Each structure stands twice: as structure tokens, then as C-alpha cells.
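Presented sequentially are two complexes of subunit A, the first with subunit B as partner and the second with subunit C.
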Partner chain A sequence: MPWLEFLDVLISGLTNGAVYALMAVGLTLIYGVSKAFNFAYGSFYSLGGYLAWIILVPLGLWGGYATVFVLAVPLLLGIGFLTEKAVVAPLRARADWEIKVMMLTLGLALCLDNLYQVVFGPRMKSLPAIVEGSLELGGVIVSNQNLGIFFLSIGGMLSFRWLLNHSRVGMAVRAVAQNPQGARIVGIPEKTIFAATFAISTAMVGAGGILLTQKYFVSPTGGWDILVKSWVITAFGGMGSIQGALYAAFILGLMEAFVGYWFGMSWVLFAMFGLLLGTLVVRPQGLMGKWG
Partner chain B sequence: MLKVEHLTKRFGELVAVDDLSFHVLPGQIFGIAGPNGAGKSTVYNLISGHYDYQGTIRFNGREITGLPPHRIARIGIARTFQTPQTFPSLTVERSVGVGSRFGSTKGFRHGHVNQIIRFMGLRSCRRMMSGALNLLDKKKLMIGAALASRPRLLMLDEPMAGSNPVEIRELMELIRRINQEMGITVVIIEHFMKVLTELADHLLILESGRQICAGPPDEVTRDPEVVNCYLGDSYAESA
Partner chain C sequence: MNVQRMGTAMGVVFAVMAVLPFFFGGTDHVMHILIMCLVWGIVASCWDLIMGFAGIFSFGQVAFFVVGAYASAIFALERGVAPPAAVFLAGMVAAACGVLVGIACLRLKGAYVALVTFAFHMVLEPLLKSPMGRSLGTGGSRGILTIPPIEIFGLVFDADHKVAVFYLALILAVVCALVIWAVIRSFWGTAFLALKDSEKFAASLGVSAFKYKLGVFALTSFLTGVAGGFYAHYVGMLSTRMLGIDLFVILMIMVVVGGIGKFPGAILGAIVTVTLNELLSPLGPYRPLTLGALVVVLVLILPDGVVGLAERVFSGRRSGASRDAAPAL
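What follows is the complex of A and B.
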């Protein structure tokens, strides 16, 4: 493999890894805090893409992607919060609630995808690039779009890290994730924190949708691929481990780029599942997960 | 301060708490004892809002029936569990800070957190992860996080469980200081009767969810029904 092509593929893998990290960490967060499996996660990815499309194409609002993030992220937070309160929270007190949440979010995903099809049509929508042009770095041509996606994803991850470590909500989220009973008795409103977690993860996958769909288009069912990849990353990194999800996202992002380059994109999911199965055979708890 | 009236809790056919009434006075150390399955911890779970129930519970004249656990914590009732409930990946300082930040209506005060850490004797391990502490320090941390929420009533659930005699002495002294120096009313569930008779001003003995005796410790430990149902003849003879 020529050196310049290697660098090109590496940059593409890191870019994908950064966006996957943003999205998989959101999914890991929900599971780590509330033990809920959200099968509508991919549909919120598409929602992020469609919100960006509405703001940029039919409305054509001034400010480009800055306006998209300013308007879409609070909206996604609100939608996530209300979805948890309306769909997940009522089930939590019931027996086998985890299975019921899986089934209901699966139903929600199907409803949302069909809603997108009715509202936006079955054809894919394209979005303008976040930054036009390209840069030459040591002989490698890197598109500004890829650089923009990479740095915004890293920015998103750093914001999330700050939120988790230094904000009041973040401290409550960590306390509930580590010990829900202990959190309740020191005055943390556990149910509100579950909804806040769902809201944060919806905003993260939606932001991922805004970033990736301008590279790969928006379509009503485009979120399923993201859902599968996010789950693979979450399981590979270790269920509920945010650090594990980060490592797994970059490993799988790089693997996707190199497998795609050498064998073609149709082998990417096959390779991802192969790596996941191989890892789970040797280390059933994933890279950084814990038993129990 | 705490007034429990006609408290009843059923789990299906099982009556865990049966028409129980009692009254905790301000400044008291109020002990609750009884055989396993008597309903002691269930009473705590009901007071702290973990289950719904029949009957009424009033705290400082305000009815708290039906309030969720976090609201009960914020109005001044803190509780601990028999197994220490700590946050394993938070430092001691941050864990106490969680209590101060969320449980107290006065909000987070760094000075208050430091004061609690010193009071609990956890200064040397303030930067350690809670999960790395030994059992005694985990218990102290759980009590410390509860105290950081500035409670007026502290409910301790078998704080001596799993402790050796030296640790029991240390915890007893700590509980006495919490009551006397901080002016916090304490309710304590304990199996070690010697601990209760030394610490408590008032004892309530439960059996099958019902009160079988209540009063000053020296009277309660001589009550024939308490000796028969819970203490046994050997305790009565040694006392």
C-alpha cells in the first residue's frame, strides 16, 4: 500500500472513528445509566440529518452549520427528554421492563422511519459540505469536510467529557450510573436523570447524524446501519464503559476504512462482526467492561 | 419530629408492616430492633419513600406520604443502608460533595464538605476512590454523604453489621457525636442490643411487622415478651 494512500485511508478511518465515538458513547451512556436498550437510536441519527437538511436546504437559514447546531441540538435534547418520559419511563416500574423498552423503541424506530418517508419522501437528500475545499498535508490531499467532521466530533466528545466531569447534571449522571440507590438517598431525582441521559444521547447521535449525513446523504432508513455499528462498538468496548466505547469506536472506524480500501465496503460489517465475535470469545465483557 | 401513624405495608399476602405507630422526638436517639424479617428495614424503606403504603408519616408537622426518595432527602431525612451505598468511581471528596450538592437546599459548599470529611475521620483518604476504601471507611463515607445533605433526621440501618468490637466502639462514638455535636436526631436499626441500650434514649421492638414493646431501653430489655420473642433468656440473665 503506497504511503500516501495509507495516510489517506488512516485520516478517513480517524474521521469515521471520531463520529462513531460521539454516537456510540451516547448509546453506552443510556445503557450504563438506565440499563435500557434504545432501538430507536438510529432513527434519531436520521432526525439529525433531516433537521440539518430542513435548516440548510428548504429554509436556507443564514449561518450554515453553526445555525444548524444552535437550533438542532436543543431540539434534539428536548425530543430525547420527552421520548424518555413518554415511552421509556412508564414501562420502568413494570416486570421485564428492559424487554418491553426494546420492543417499544423498535416500534418507535419503525414509526419514525415511515414518518420520514411520508414527510421527506423515499429518495436520499444531500447536504452541502460543512467546509468546502481541501488541504495538502505532507503530500496527502485531505478534504476540509473530513477535517471539519473530525474536529467537530472531537469537540463534541470534549464537551461531553466536560459535562460529565464538571457539571451538576454530569455528577448526577455518574452517581446514578454507579449506584442508583445511593444516588436516590442523597437527593438525586433518578427519573429526571434517566430522561436527561436519554436527551444527551439523542443530541449526541443527532449531532453525529448532522456530521455524517453531509458526507453520506440522509435517507429514511439510513439510521439502521448506524444503530448496528453503535451496538457493535458498545459491545466491543464493554457494555456501559464510556472509555471502552471510545477505544472501540476508533478501532472500528480505522478497521472500516482499511477493510473498505482493501476488500470493498461490502466486507465492512462482516469484518466488524468477526472482530466483535472474536473479542467476545476471548473477553466476553468486551475491551473495558466489567463482570456483573 | 417524625410521627408514624397506622403504617401498613403488604407484599401480596405477606403483611410486612402491620398498623405500626410511633413518634420520634427532636434530639433523640431512637433504636429499632427485632428478629430477622420483623419489618425494620421495610419501615425505613417506607419512611424514605421507596414503597407506597397505607397510613401517614409526618415530618416536623408536614405530611410526607407519597413523596419520592429524593424529595424526602431534600426535606431533611437522610438514611443509610446495611451494605454501604457508595459511588465506587468517585473520590471520597466528590462522594460527600454529591450529598451536599443534591441533598441540601443550601447547595454545595466546599467548606461544609471539608468539615464533614474531617468529622468522619476521612481526611487521609479524601482523594481515594470510594471503591478502594475498607468496609469501615465505606460506612463512614455513606454516613458522611448523608450528613452533607444537612439532615435533621438520620436513619441508620444496622451500621455495626460486619464490624469488629473496636470498629463498633468507633462507630458508636461517631453516632453519639452526630447526635450531640451536630444536633441531629438519629433513628438506628441494630441487632447488637448492647449498642442500642448504650446509645438509644428510646427503643421500639418489632416482631412480624408489629410493635411488641416500646420505651426506655432498661424497661424494654426486661419486658417478658421481648425476652421471649427476641432477646432470649441468656440475654436477660446476663443483663
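What follows is the complex of A and C.
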């Protein structure tokens, strides 16, 4: 393959990888902290996309994507927090809550997907690019959209890391993840932290939706693909490991781009499934994960 | 629920089902619903066996059903196998898939198992539509049409003879329920309980997780595959639309309504849910929305299903005490 095209595919893979990293970290965060598995994760991706569409297309608010982030991210945080409090938290007292949470969130996903379909119609919505134009670097043309998405995702990841390592909420989240009982003893409101984690992960996948749906489309059931990808990345990188999710996301983003280029998009899912099975058979804890 | 009472409940449910055609035999639509109740009853109780009793979070039940349905149709159409034999072979194919998925899940736990089994579900649709699937005879995105009906001794079990199909389905459902009941009350059932409570301790007592987990994967996917094959020959056509998330959630409602690990609640759940789903059909596009919301509400307010509710009503104190002891965290 000509190396210009090779670079094109590489850039696309890196861009998607950066957004996947953001979303996979969100998924690994909830599982790592509260052991809850969220099947409705993909539906919140679509929600992010639809929020961006509402703000940009029918409302056409001033400020473009800056306004989208300022308005949508707090909204997503709130929705995530309320969802956890309303439907996940009441189940925690039960012995078999893990499977109950999976079932409940799967129902929630079906409900939300069909809600989007009823409200927005089954047709796909397209969003404007975050930045127009392109950049030429020594003969290679890189669209500004890809660059914008890449840097915003990386920025999102870095600010999340800073939040986790340096803010009081972040430290509380890490404490609960390490030892919920110990955290409770030193006075950390465990339940609020669970809800906060859910809220943060919802905002992360929603932000991923805002960033990625402009390259593809927003559709009512578009989130399933994202759920599967985030999952595979999380399992591949190691459940609960943020570093692992980061590497896995880039590996998967690149794999997707190249498999799609060489064999066609329909093979991407098989390749991912193969990678997942291979990982789990050889190293069930993933690249950098620990059991438990 | 103890095994004796399980048997009684099963007997009552099936006896009531057996007399219903005398009242509704003339109404094709009602008969169709009753047949679907039985077919989904098999699938839901298999799911309950693997999830509720064996404690494996398998999310591949619909996929095994579809594998069985497609396999049976392909055996009958491409290889000319007689439909009853094709249904049995389809069960074997589904069981083989179940064992393969089971091997992949063997070292995994909790959400990882759900992940791998659900990934099998997700990958099945593109697989059936791919050139590889088409070369096997899956018909790609068009699906398979004109599947021959089951014929035994000159009796044709197709959509025009719904009462006959119903009784065949009833026999199948009773056999499956007896097999599941026998498994639960046998050494297997005890082994599942031990593995579910503490895999390490069970292993130290000599209970082989390998043997029992693969065994339950093979058994439940075999029965589910047989149900799928039966369904394929009854409706006569198949498409990958069955792999949509709606059907998966409907099956989940059956298990939730019946109560997880409360066999034969799942059969009861299937009857309630299939009927409910039929009643909701005037809602049109709002139907899946309602179903999704229903799952959320049911899991929250009816966590042990109707059987758990009945247990609580009939023997309030004893089950009340065990409920208090259960939530440790």
C-alpha cells in the first residue's frame, strides 16, 4: 500500500483510538470502583451525540462545540448521578446484585434506544465538523477535524487523570476502589462516590459520543457498537487498569483501521472478537489488569 | 423452593396448558401464542438453569436458539435430513457451540462471562450474513424461507395444524422440564450450588468446575438448540432479526418475572411474558420502549419474581428470615 494512504489509515486509527480510550476508561472506572457493569453505556454514547445535535442543529446556539461541552457535560453528569441513585443503588443491598444490575441496565438500554427512535426518528443525524479545513505537513494532509478530536480526547484523558490523582473526589474514588470498608471507616460517603463514579463515566462516554458522532452519525442503536468496543478494550487492557485501557484503545483503534482498510469493515468485529478470546484464554486478567 | 414442590408446580402448569386447546383450539392466533409460550418456556428455563442454579452469567441463550434454528433449517434444506432428525442434530450443533463458548469462559468470572457470551451473540449476526454463512446456506440478510415442517408418521406439524404442533411442543417442553428438574435434584444440582457459593472450596472437595460448567453449557445449549430447531420448522422461515436486542430483553423479562433460580418459575414467566408482549403489540414503536422500562421496574420491585413473591406470601416468616441473612454487604 502506498505510504500516504498508510499514513491516512494510521491517523484515522489513532484518532478513533484516542476517543475509545476516553470511553473505555469510563467503563473500567465504574467496574473498578463499584463492580457494577453498565449495559446502557452505549446508550449514553448516543445521548451525547443527540445532545450535541440538539444544540448545534435545531437550536443552533452560539459558540458551536464549546457551548456543546459547557452544556452537555454537566447535564450528562447529572443524568448519570440520578440514574445510579434511582436504579442501581437500590439493588446493592442484595446478594445477587451484580446480575441484577446487568439485567436492569440492559432493559434501560432498550428503553433509551427506543426513546431516541420515538423522539428523533429512526433516521441517522449528521453533525458538523468540530473544526473545518485541513493541515498539510510535508505532503501529508491531515484534516483538522481528526486533529481536534485527537487532542480533545487526550485532553479529556489527562484532565480525568489529574482529577483522579489530585482532587478530593478523585482520591475518595481511589480509596473506595482499593478498599470500600476502609474508605467507609475514614468517613468517605461510599454511596455518593458510587453515584459520582457512574456520573463521571456517563460524562466520559457522552463526551466520546460528542467527539465521535461527527465523524460517523448519530443513530438510535449506534451505541451497541461502542459498548462492545469499550468492553473489548477494557477486557484486553485489563479491567480496572486505566493505563491498560489506554494502550488497548490505541492498539484496537489501529487494528480496526487497518483491518477495515485491508479486509473491509465487516471483518473488524470478528478481529476484535478473536483478539478478545485470545487475550482471555492466554491472559485472562488482560494486558495490565489484576483479578478482583 | 424444594424439589418436591417444584415438581408439583411443574405438573400443575403443564396440566393447565394441556387442556387449553379444548377452549382455544379453533382460534389460530391464541394457539400460536400458546405454542410460543411453550417454546420460550424451554429457553427461559435453560437460561435459568445456567444462570440461576449454576451461577454462570451466560448471555448467549438467544444466540444458541438462533444457532439451533438455523442449523436445523440448513440440515433439512441443504442436506435433506428429515426434520425430526434435523432438530436433534441442531441441538448437537448448538451444544458444540455451547461447549466452545464454555471453554472460553472457564477461567473467567462474573461480568467477563457475560462479556464473552454476549460477544458470541453480537458476532453471530454478521457471521450469518457473511459470505461464509451464505455458503453454508443461511441466506444472508434475506434469511431462510420455506423450511419444511416436521412430519412424524404422516402427521404434518405446520402452521395449519396448530393443535398438533401445540401437543408436540407440550411433549418437548415436558421432557425438557423433566430433564432440568432431574439435573437440579441430582448430584449435579448440588455441585452447582457448591461451585456457585465458593468455587475454591468446592474444588478442594473434589467438585470439578471444568466438568460441571462445560456440562451445563452443553446441556442448556442442546435443549435451547432443540427448541430453536422446533421453532424453525414450525414458523417455516428465519432471519437474523431474531438476534435483535428486543428478543433478548423479552427472554430476560421471562426469567425476571419467574424469578432467577426459582425453577419452574421461568416457565410461568414465559407464559406471562409472551401473553403480555402480545397484548402490548398495539403500542407499535412504543412497545420495545415499554418492555425496556418494564425490565427496570420489575428488577426493582419484583427481584425474586412471582415465585419469590408467592414464597414470601405463603411462608412469610421463614423466607423473611433467610432474606435478612442473605444481604451481607
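The rule we apply is simple: the second predicted complex is superposed on the first by the 291 of 292 C-alpha atoms of A that agree within 3 Å, B and C clash if a C-alpha of one lies under 4 Å from a C-alpha of the other, contacts with A are read in each partner's own complex, and residues count from 1 in each chain.
Keep in mind that, in the parts below, a contact is a pair of C-beta atoms (placed from the backbone, for glycine too) under 8 Å apart; a residue touches a chain by one contact, two chains touch by 3 or more.
Predicted model only: the values in this text are computed from it and were never measured.
Of the two partner chains placed by superposition, only subunit C is touched by A:281; subunit B is not.
By the document's definition of touching, neither partner reaches A:4: not subunit B, not subunit C.
Applying the stated contact rule after C-alpha superposition, one finds that A:190 touches subunit B and leaves subunit C untouched. More residues of subunit A are touched by C (comparison of subunit B with subunit C). In the overlay built on the shared chain, the residue A:137 is in contact with neither subunit B nor subunit C.
Of the two partner chains placed around the shared chain by superposition, subunit C is the only one that A:115 touches, whereas subunit B remains out of contact. By the document's definition of touching, of the two partners only subunit B reaches A:178; subunit C does not. By the touch criterion stated above, A:168 is placed in contact with subunit B alone, subunit C being left untouched. In the superposition on chain A, A:90 contacts subunit C only, with no contact to subunit B.
Looking at subunit A, you'll find no residue that touches subunit B in one structure and subunit C in the other.
Subunit A makes touch with subunit C in their complex at residues 31, 35, 37, 87, 90-96, 98-100, 102-104, 106-115, 117-118, 221, 224, 228, 231-232, 235, 239, 266, 269-270, 273, 276-277, 280-281, 284.
Touching subunit A in their complex are the following residues of subunit C: 51, 57, 59, 104, 107-108, 110-112, 114-116, 119, 122-123, 126-127, 130, 245-246, 248-249, 252-253, 256, 260, 285-286, 288-289, 291-296, 299-300, 303, 326-329. Those residues of subunit B that touch subunit A in the shared complex are 48, 50, 68-70, 73-74, 78-81, 85-90, 94, 97-99, 101-104, 142, 145-146, 148-149.
Remark: subunit A residues 168, 171-172, 174-175, 178-179, 181-191 touch subunit B in the complex.
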